[in-house]
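Just so it is clear, A, B, C, D and E label the chains in written order, and each chain counts residues from 1 on its own.
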Amino acid sequence: MEVTALKSAVFDTPIPYPETVEAATAHKISLKDINVRFSSKQGVRSVLENVNLNINAGEFVCLVGPSGCGKSTLLNVIAGLHRADSGSALKDGKAITGPGPDRAVIFQEAALFPWLSAVQNVEFALKSSIRDKKARRAKALEYLGMVHLARFAASYPHELSGGMRQRVAIARALALNPDILLMDEPFAALDAQTRDILLIEVQRIWQETGKTIIFVTHNVLEAVALGDRVLCMGVRPGCIRQEITVALPRPRAVEEPETARLAKRIMTHLRSEIDKIVQEESDHAARELALAGDGDPDRLRHTTANTMGDGI
Amino acid sequence: MEVTALKSAVFDTPIPYPETVEAATAHKISLKDINVRFSSKQGVRSVLENVNLNINAGEFVCLVGPSGCGKSTLLNVIAGLHRADSGSALKDGKAITGPGPDRAVIFQEAALFPWLSAVQNVEFALKSSIRDKKARRAKALEYLGMVHLARFAASYPHELSGGMRQRVAIARALALNPDILLMDEPFAALDAQTRDILLIEVQRIWQETGKTIIFVTHNVLEAVALGDRVLCMGVRPGCIRQEITVALPRPRAVEEPETARLAKRIMTHLRSEIDKIVQEESDHAARELALAGDGDPDRLRHTTANTMGDGI
Amino acid sequence: SPGKKEPSKPSSSAPLTVHVAFFPNITHAVALVGLANGTFAKALGPDVKIEEQSFTAGPSEIEALFARSVDIGYIGPGPAVNGFLKSHGKALQIVAGASSGGAGLVVREGSGVTDVKTLAGKRVAVPQTGGTQDISLRHSLQLAGLKSTDQGGSVTVLPVAPADTLTLFQKGELDAAWVTEPWISRLVKEGHGTLKIDERDLWQQSGRKFATTVVIVRTDFLKDHPEIVSKFLQAHIETVDWIGGHPDDASKLVGDQIKKLSGKSLPADILKSSWGRTDFTYDPLKDTVLTFADWSKQLGYLKDDRSALGDLFNTNPLNGVLSNLKRRAIP
Amino acid sequence: MGFRREWWSSYLFPGPSEILKTLGADLRDGTLPIAVKISLTRIGLGFVTAMLLGSITGILMGALPVVHRAVSPLALGLQTLPSICWLPLAVIWFGLSERAILFVTVMGALLAVSIAVSDGIRNIPPLYLRAASMMGARGPRLYAEVLLPAALPAIISGAKQGWAFAWRSLMAGELLSVSTGSLGLGQTLMRGRDLNDMSQVLAVMLVLVLIGVVADRLVFSRLERIVRQRWGLAVA
Amino acid sequence: MGFRREWWSSYLFPGPSEILKTLGADLRDGTLPIAVKISLTRIGLGFVTAMLLGSITGILMGALPVVHRAVSPLALGLQTLPSICWLPLAVIWFGLSERAILFVTVMGALLAVSIAVSDGIRNIPPLYLRAASMMGARGPRLYAEVLLPAALPAIISGAKQGWAFAWRSLMAGELLSVSTGSLGLGQTLMRGRDLNDMSQVLAVMLVLVLIGVVADRLVFSRLERIVRQRWGLAVA
C-alpha cells in the first residue's frame, strides 16, 4: 500500500450531465431523467428525481451521499431490480428490463442463501459459466481464498461473522465475472486492514479485466482513492449534486495528503447537504413532539417546536 | 467537531488482565477465562480462548480486531445472549445468566421488527419504562429525532435504507436507557457526516449519564477518539492481544495528528495479526485448491499448494 | 288405563323428555307416521315431551343410546344385537317390531345370474360386511354350496355403500347386489336390474316375514319409566294398524316426512314399489332375529351364540298393551 | 361396456343444467339458504375457537422446547385421526347437541392450527428473538408482541389449513343428529350421497367451494396482502 | 337421568385392558399387521404423489402471481370438500380399484400441500429472490435451487398438514372396498364402528396415533431438525 507519486486534478461539473441522447448509446450505462417514487401509507415519497448519468465502459465510479439519499435505489435501477417510474435506463444502448448476471450486485446486506455453505454460495454464481463440478468447486475456492475464507468454505452463513458473510458475498459477485459490478458499501463490515487488501484486489481485477464498477461507499477517502469519478448525491430530491473527476495516477493511497485534500473537498460538498438534512429533520422532529402520543402510529402530523436530545 | 488541545499517553498493558478475583467484584463487567467454542460439521472451532477482561463503571471501551476474530461473540457473552463454554462472566459482581434491558445491544444487523414502524420499534424498548402511551410516543420520537429520522417515524423497516435501519436500531438501544451499551459496529452503514454527529451524541450521552459503553468498530481512528481503552483482538485463538489506554483529553477529533499517531500505533499492532491470518488463509486456500471438486461440499480437506487470485 | 304421574317421583316440574330415534326411511314408516300424526304425542300426554332424533346409520344410533341421548329407537336388528352384546346385555332391549321385508338380491342385466347357484365367479355387493344382507347372502351361498373368495370360494362379496352400488351397477362393475329398499327399486329402475330373490320368499316358515326394523328401549329408561314405554307401544300398535288400513295416505305421509327430514324427496314410483315390498308389524319376529344371530355366529361375525341373547327381547310391555287391547300375545 | 373409462358420463354424472336446476330448487324451497346459514354459524364458532385454542397451544409448543418434544408428535398423530373417531366422544360428552358438533369441528382444526403456529414460531429468525430478549421482553409480552407477529405469515397459512380441516370435520360432525330443524350442508351433502343423487352432491360441493373462495377473497387473501405488505414480503 | 353427562361410559369406552385384549387378538390373527401394511402402502404412495404434484402446483402458484390470483381461492375452496365428495368421482373414474383409493387420498392432501408450498414461497424474504435473479437464476433453476429450499421450513410444516389430510382421506377412501382380501385400517376402523365395537375402534385409533408419532419422529421432526440447523433457525 505504499504509493510514491501523487498528482491531483479536480473538475466540478454541473448537472444534469450534459450529454446528448444520441451519444448516450455509446456509454456502458446511460440513465436519463430517472425518477423513482415509493408510495406508502405516508403518501408518495420521491427518492430519485431526474437523475442523469452516463458511465463509460471500464470506468470506476464512486457514489457517496448521506444515508437514505437513494444510492442503493440508484444501484437497483441499474441492476434492473427496480424499475424507475419514469426515465430511461440503458446498458450498452439497450433498455434495462431486468436483472442479469452481466450486472453483479454486492448488496448492502450480504444476501447469502442460508441453505448453502460458503463455497456453495459462490458456486451458485458459477453454475451457468462452469458446467464441470470439479472445476466449479476449484474456481469457487479460488474466489473464497481471495477474500481469505478458504478455511470457512464449508461453513454455513449463520456460522460466519458479519464481515465474513459480506466477504462471501463479494466472492460471489466476483465469481459471476460480470460486465458491470455494482458494489453497495461492500467493505462496510470489514476491518481497515482486510478492507485495504480487498480494495487492492478489486482494483487489480478492474485494471486487468476492464470491468465497469459502481462503488457506493461512505468513506470519502476510499472514494477518492478508487474512483475515476466521484458522484455526490443529495437528498430531497435525491439526485447527483456534484460530480468530481479524479485524475490522480494509480495506485493511490488513502494516507497520501493529495488524496486527503481531495477528500476534504468532497466532504465539504457533502457537509452542506447533510447540514440541510439535519436541520430539516430536527425541525420536523420538534414539530412532531408536540403532537406525540396521539395514539395512532400511522398518522403522525406536524405541530409546534420543542428542543431535542435532552431526554436521557 | 473542532478540538483545540490534545494530549496523548499510551500504555500498552500485557494480558491476561492482571486483576485479582476479589477485585473483580468491584468492576462493572468482569470476564474471567472465558472460552467459547462452536461445533459444526467441520468440527469444533474455538472462537474465544481464555479471555480476561475487566471494565469499570462509566468506562468507554473500544474493541477492534480483524473480521471474524470474535468481537460480536464477546459482546454476546456480556449481553447474556451466548453462554460461554467455560469461565465466568460477571456484571456488578453477579453472574450474567441471560439477556436483559440493563445491557442494550446494537446488533451488527439492524434486527428491527419488520411488523412495527420505526417509532413503534423504538416504543417497544420503552414499554416497560414508560406506561403512558402519549409519553412513550413522545419519548420515542425524541430518540428518532436524535438519529434524524423523525420524518420516517411511520415508515416500516423495509421502507428504510440500510443506514436508516441502523439508526433506528441505535435509537432503540438508547431508548432502553441501559446501564451498559454494547455497540457492534453501530455506524458501519452510515456516511461520515452522520457518523460524526452520532458519535458526538453518543459521547454526550456517555458523559452525562455515566453509562458503560463497549464499542466495536473497524475504524481505529474512531476507536482512539472514543475510547478510554482500546482492546485489540486477535484470531486463532480469539483473545485480547493488546490493550491500549488512551489518556487524551476529550473531546478528541479524528482529524488531529495526536489521535492519528495513536491510531497508527494500533494499526501496526493489528496489521501483524492480519498478515498472519492472510498467510494462514491463503496457505489453506492453496491447499484446498488441489483437492477441489471432490463433489462433497461438506468434506473439504487439505492438500498441496497453488497460487491464488490469478483466475479472473 | 294408566293414571297421572306418580307422586313419588322427584318434584321435577320440568316435563320429562323422551328421545325417539329413527331413520328417514320407508322401513321406519311407523315412526314417521306416528310422529307426524301426533299419535305418540297424544298417547304420552302433555307432561312428556318427545324429541325426535333422525339418524342415517344404526351404529350412530346405538352410540347415541349408549350415551343416553336416545331412549326409544327404531333400528335394524343387526345394530340392535351388536349394541346388546357390546354392552354385555345392559344397554338396550328389543320391545317390539316395526317392519319386515324390503330386501333382496338384484342382478344386473347381462350378468348371466339367474339364481344363487349362478353367482359363482361373480361380484356381489352388500351394504356392509357383517350386516343383515351380507349374512343373508352368505347363508344363501352356503345353502347353494358356494363360498365367497375370502373363504376360498369363487363369489366375490364386496361391501359397497348403497349409493356406490348404483354407480358400479351402471358401470357394469358389479353383477348383483343384496340390498334393501329403496335401493332395490332404484337398481331395478335406474340400473336396469332385476329382483331375482325377494328375501321374504326365503322365510316361508315365519309366514314370509323377517325382522327389518325393531323398536329398542334403553334398559335404564324402561326401568325408570315403564308406563311411558307402554304408552309409546300402544301408540306404536295404533300406528301400525292405521298404516295397514290407510296404505295410500300412509305412503304419502312417509314421502312427505322423508322430504321434510332429509330435504330430499323420493321419486313417487320408487316410493311406491318400495312400499309394496315392505310390511309393517309390531311383532319383533324374535325367531328370525335369533336365526340371523345363529348364521352370524356360523359365519364368524358373532363370538356369542343364541344363549347370550336371552334378555335381548322383552315382550312384557308389548304383551301388556296387547292384552289390554284383547289381542293375542307375542311369543 | 365401451364406456368403462369415460371421464364424464351423462347418466352417472348430471350436466351443468341439471346441477343448476337442483341448485335452483334448493334455493327456492329454502333448503340451501338455511343449510348455509346453519353451517356458517357452526364453522364460524368452531373455526374461531380452534384458532384461539390452537394458537395458545401452538405458542406453548413453539416457545417451550420441552412441550414441543412431548406434544408435537402426539399432535400430528391425533391430527391424522378421521373425524368419525371424535363422534362417539362428542356424543358422550355433549349429547346430541350443537356443542357436540362444535366439539368435532374444533377437534378437526385445533391440532392443525397448533402445529402451524408452533412451526411458524420455531422458524422465526433467531435475530428477532435475540433483539426481543435483549429488550427484556419475556412471558406473555414476548408471546403476544414478538412471537405471534413474527410468525404471522406462517400462522395465516396455517389458518387456511385449519379452515379446510374445520369444514371437513363439520361435514362429519353434522352427521350427528341434532334436531330436525337444523340441517346443515353436511346433512344435505350426506343425503345427496346416500341417495346417490349426484346433482345434489355437486350442488352442495359447488356451494362449499364457493364459500371457500369467498372466505379466501374476503379474509385470508386480504389478511395475507396486508401482512405481506407490512412485513415487506411483497415481491417488487 | 343423573348420568346424562357422564364423562366416561363403559359401554362406549372400554377400559385399557379390554383395548389391549382387542389389540392382542388383532395382532395374533393378523388383522392388524395386514391392515397396517396395506394402509401404509397406500398412504406412502398417496402422500408422495400429493407432495410431488402439490409442490409443482404450489411452486407455480407461489411464483406466478397470475396463477396465484386465479387458483389460490379455488384451491382453498376445493380443499374444504370432505373426502366423501371425491368418492363418487373416484368410483366413476377408477371403479373399485386401488387407484380409486389413491385418488381419494391424493385429492385429500394435494391442495393442502399446494397451499402450503405456495404460501411458503410467497413468504420468502425478497432479498433472496433479488440475489437469485441478480445471478441470472430463472425458470426451473430458480424454482429448484432457490424457491424450494428457501421455502423448505414452511414446506415441511405444510407436509405435516398434508400427511394428516392424506390419512383422513385414506380412512374415507378405504370405505371403497377394493377386494375383500385387502382390509386397510380404514375398513378395520369402520367395521369396528359398524359393529359398535368400540374397543376395536380405539385399538385402530391407537395404531393410527402411533403411526403418526413414529412418522413425526422418524421423518418430520428429523427433517425439521436438519433444516432448521442448516438454515441457522435453531434458537441457541
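The definition used in the following text is that a residue touches a chain if its C-beta (ideal position, glycine included) is under 8 Å from a C-beta of that chain, and two chains touch if they have at least 3 such contacts.
Every value quoted in this text rests on a predicted model; they were computed, and no experiment measured them.
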item: Chain-contact steps, minimal, separating chain E from chain A; value: 1
item: From chain B, the most remote chain by mean C-alpha position; value: C
item: Between the pairs C-E and B-D, the one where more C-beta pairs touch; value: C-E
item: Where chain B and chain D are represented by their mean Cα positions, the distance between them in whole Å; value: 49
item: Distance from the mean Cα position of chain E to that of chain C, given in whole angstrom; value: 37
item: Distance from chain B to chain A - Cα centre to Cα centre, in angstrom; value: 24
item: Multi-chain contact sites of chain E, meaning residues that touch two or more partners; value: 4, 6, 9, 12, 87-88, 92, 95, 193, 198, 232, 236
item: Overlap residues in chain C, where contacts from two or more other chains coincide; value: 63, 66-69, 163-164, 167, 171
item: Multi-partner residues of chain B (at least 2 other chains); value: 81, 109, 156, 159
item: Contact footprint of chain E on chain A as seen in their complex; value: 79, 81, 98-101, 103-105, 107, 109, 111-116, 124-125, 127-128, 156-159, 172, 176
item: Chain E-facing residues of chain C, complex; value: 59, 62-63, 66-69, 79, 82-83, 86-87, 90-91, 128-131, 148-150, 156-161, 163-164, 167-168, 171, 173, 224, 301
item: Complex contacts: residues of chain D adjacent to chain C; value: 1, 3-4, 9, 11-12, 26, 31, 35, 87-88, 91-92, 95-96, 175-177, 179-180, 183, 187-188, 190-197, 200
item: Residues on chain D engaged by chain E in the complex (per definition of touch); value: 4-5, 7, 9, 12-13, 72-74, 76-85, 88, 91-93, 95, 111-112, 115-116, 119-120, 122-126, 129, 153-154, 156-158, 160-161, 163-165, 167-168, 171-172, 186, 189-190, 193, 196, 198, 201, 205, 208-217, 220-221, 224, 228, 232-236
item: Touching residues (chain side chain D, partner chain B) in the complex; value: 127-128, 130-137, 141, 145-146, 149-150, 152, 227, 230-232
